[in-house]
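Two complexes, one shared chain (subunit A), two partners (subunit B, subunit C).
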Partner chain A sequence: MKNQSIKVLQGKKKHVLETWMKFQLSDESLREDLMSNEELRIQSEELLDAFLTNLKDDTIDDPKSSAFEAVVDILSGISISRAKQGFTPRETGIYIFSLKDALLNILQQEIKDPQELYVQSLKINKLIDSFGVVTFETFIKGREEVILRQTDEISEISTPVIRVWDGILALPIIGTLDSSRTQVVMESLLQEIVETGSSIAILDISGVPAVDSLVAQHLIKTVSATRLMGAECIISGIRPEIAQTVVHLGIDLSQVITKSSLASALRAAFQMLQLTVVKKQRVQSITE
Partner chain B sequence: MEKIPILRMGDLLLVTIQVDLYDRLAETLESDLVLMIKKTGAQGVLIDISAVSIIDSFMGRIIGNIATMSKIMDAETVVVGMQPAVAITLVELGLPLNGVLSALNVERGMELLKGKIALKGASFEDDEDGYPE
Partner chain C sequence: MTIVREIDVIPFRNRLKEIAIKIGMSLVNQTKIITAASELARNMLKYANGGNVTIEVVSKGRENGVRLVFVDEGPGIKDISLAMKDGYSTGKSLGLGLPGTKRLVSEFQIESEVGKGTKVTVTKWKNG
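This part shows the complex of A and B:
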């Protein structure tokens, strides 16, 4: 004998979809700005289709059965795309749980025996709850992917080596300097020194929020490596707070050339290369 | 036995290390170089390590030793052409080679050495003006 709720639900598929859509559309948190109603309808129909087709006597008690793989796949897809589109977890949750409301609603209308209704509701409840868990899992996974990608991007874009003058490189460091970033910074700086044949490198730390003894050690390492390559290294952008912490921590930066701003570091670099910057007008007035 | 050639260029000694150093070779180089400084009375030593891709703490110390030895024998040492990976390794090993001068390539190293030697000579001959140019 076929399970009663399966028969009812499969027979009333259209009705279920309508009820579900009604629930979704009537909810306050509906995001029409992120997804149009037609899209939502297509998505919902696809999911419901997969769900009802695979809803059989032997699978209704077992949400992990292989028959529901298609459903889980569709759900994961929806969940990840929603995470990337910027839906809140609440909105995604309401999406799947409103399906439960719709299913129970239909069952209530069709099954008259209270005992039977209770048993069937419990089964549907369990099934949809486990789908809800899957949804949240994939939703969070989707979000984590976004975060991971952003972390990678940040560490890539945050260490550009800039050639400010012939023979002078600048490296503005933005964000906290940990050992893995120091490694990236050091490698890209040294590589660039070799490629451009530069003799002076300016490390600008005005974008580093805090300098502790570890960060200072990383900085000193970078300076030492640059020196070993035969180039001079200037640290610029030392803010007053940083100067205070450095002295309070007892870090010795006396071996390193330090300047308060990138401009003064550049001036020092010009001096080392015996270059001068002269105003154009003055040159003209001399030649005239 | 393999040997690293030490070339004489006027006042300078030129050492180009073309192979990856192993311990024995480095030790031989150390003693050969000190002998050569004595023999020629060289004012400066230029060591080109651009072909060295692997370095360990022993080799780092040998290079530091060579520089210190030359210094007390009155010859400046410049290490040129260190590869980025080697520089990072030395720093990570805690051997920043503080007493050693370094330069990006042979040309720059030569300039640096000549400048140093000229400075030294000038300070002996002319106490008022340290810069000969």
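This part shows the complex of A and C:
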């Protein structure tokens, strides 16, 4: 004998879809700005089709059944794309949970025996809840992808090379200096050295939270590469706590020119280029 | 917290920093424990394909501190005393991670079994 709720729901597919759409369209969190009602309807019908077709006696108690793969696929696709489009978790959750409301609503109308209604409602409840979990898992995954992409973008825009003076470049590094970041820093620095013909580069690490042996190694590599290009590299912005940590760690930075602040690095750079900065008044008195 | 990717290190470090600030650790000691933590986390990633770390606030008399336990199920370390030497590295690196970490923390303990994994426990006292 076919499970009663399967019979009811498959027979009333159109009705289920209408009820579901009604619930979705009347919810206050409906995002007509992000998705048209027509699109929503197509998406909902596709999911409902996959769900009801595969709802069988042996699958109704088993949300992990391979028969529901199509359902899970559609659902995952929907929630990943919603995450990327900027839907909130609530707006995404409403989609699947309003389907549950619709299914239960139909069961209630069609199954007269209270005992049977209870048993069937429980089954549908459990099944849809587990699809709900899938929805949230993939939603989070979608958000993580967005975050990862942004991280990449940030690391690219947050390593500007600044021409502070003729022949002097400055590169303020803010945030963690991991391997991929170092690559970006090094490439843009070397490129800029060539383009501007600069002979001094100042790497300011005031905004780097910690210097461990990997970061130190990255810094040393960047300095060596700069020297190979015939330019000198000064590392500035070494805070007292970083200096102490680097010493305890045992990192040897003695081959590198280091300065505590960007200002003192700039002063050192002026000296190397044999430039002096003097007050205007004194200049006047000399020329007089 | 599980650490299986390089980006997992950032939330872990932020969490550690929060806790260190909460118990009133000095800036220098904060920086030292955070640096030590990032060395150990990276070793776990590089040599053991990731692992797990727990952060715990501990106290001894009037002194508070944080304790970190790094556990992995990687290949283990054959010769611990060699791995603890400055400059020893099987990864073409500086070889400063383990010995440097030991100098940065107040208490350092390492256990390792080849084929089983490695467990490193470090404690940094607030004023230690």
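Points worth noting:
Rule of thumb we're sticking to: the second predicted complex is superposed on the first by the 161 of 288 C-alpha atoms of A that agree within 3 Å, B and C clash if a C-alpha of one lies under 4 Å from a C-alpha of the other, contacts with A are read in each partner's own complex, and residues count from 1 in each chain.
Methods note: a residue touches a chain if its C-beta (ideal position, glycine included) is under 8 Å from a C-beta of that chain, and two chains touch if they have at least 3 such contacts.
Quantities reported herein were computed from a predicted structural model and do not represent experimental measurements.
In the superposition on chain A, contact of A:269 is made with neither subunit B nor subunit C. Of the two partner chains placed by the overlay, neither subunit B nor subunit C lies in contact with A:52. Of the two partner chains, neither subunit B nor subunit C is touched by A:234. In the overlay built on the shared chain, the residue A:197 is in contact with subunit B alone; subunit C does not reach it. By the touch criterion defined above, A:213 lies against subunit C but remains apart from subunit B after alignment on the C-alpha atoms of chain A. Residue contacts after overlaying the shared chain place A:249 against subunit C, while subunit B stays out of touching range.
Once the two complexes are laid over each other on the shared chain, residue contacts for A:104 go to neither subunit B nor subunit C. Those residues of subunit C that touch subunit A in the complex are listed here as 6-7, 10, 13, 27-28, 30-32, 34-35, 38-39, 42, 86, 93-94, 96-97, 99-101, 103-104.
Interface of subunit A with subunit B (complex): residues 183, 186-187, 190-191, 193-194, 197, 199, 221, 224-231. Listing the residues of subunit B that touch subunit A in their complex gives 79-80, 82-84, 86-88, 90-92, 96-97, 102-105, 108-109.
Residues 148, 151, 176, 178-179, 209-214, 216-217, 240-242, 244-245, 248-251 of subunit A are the ones touching subunit C in the complex.
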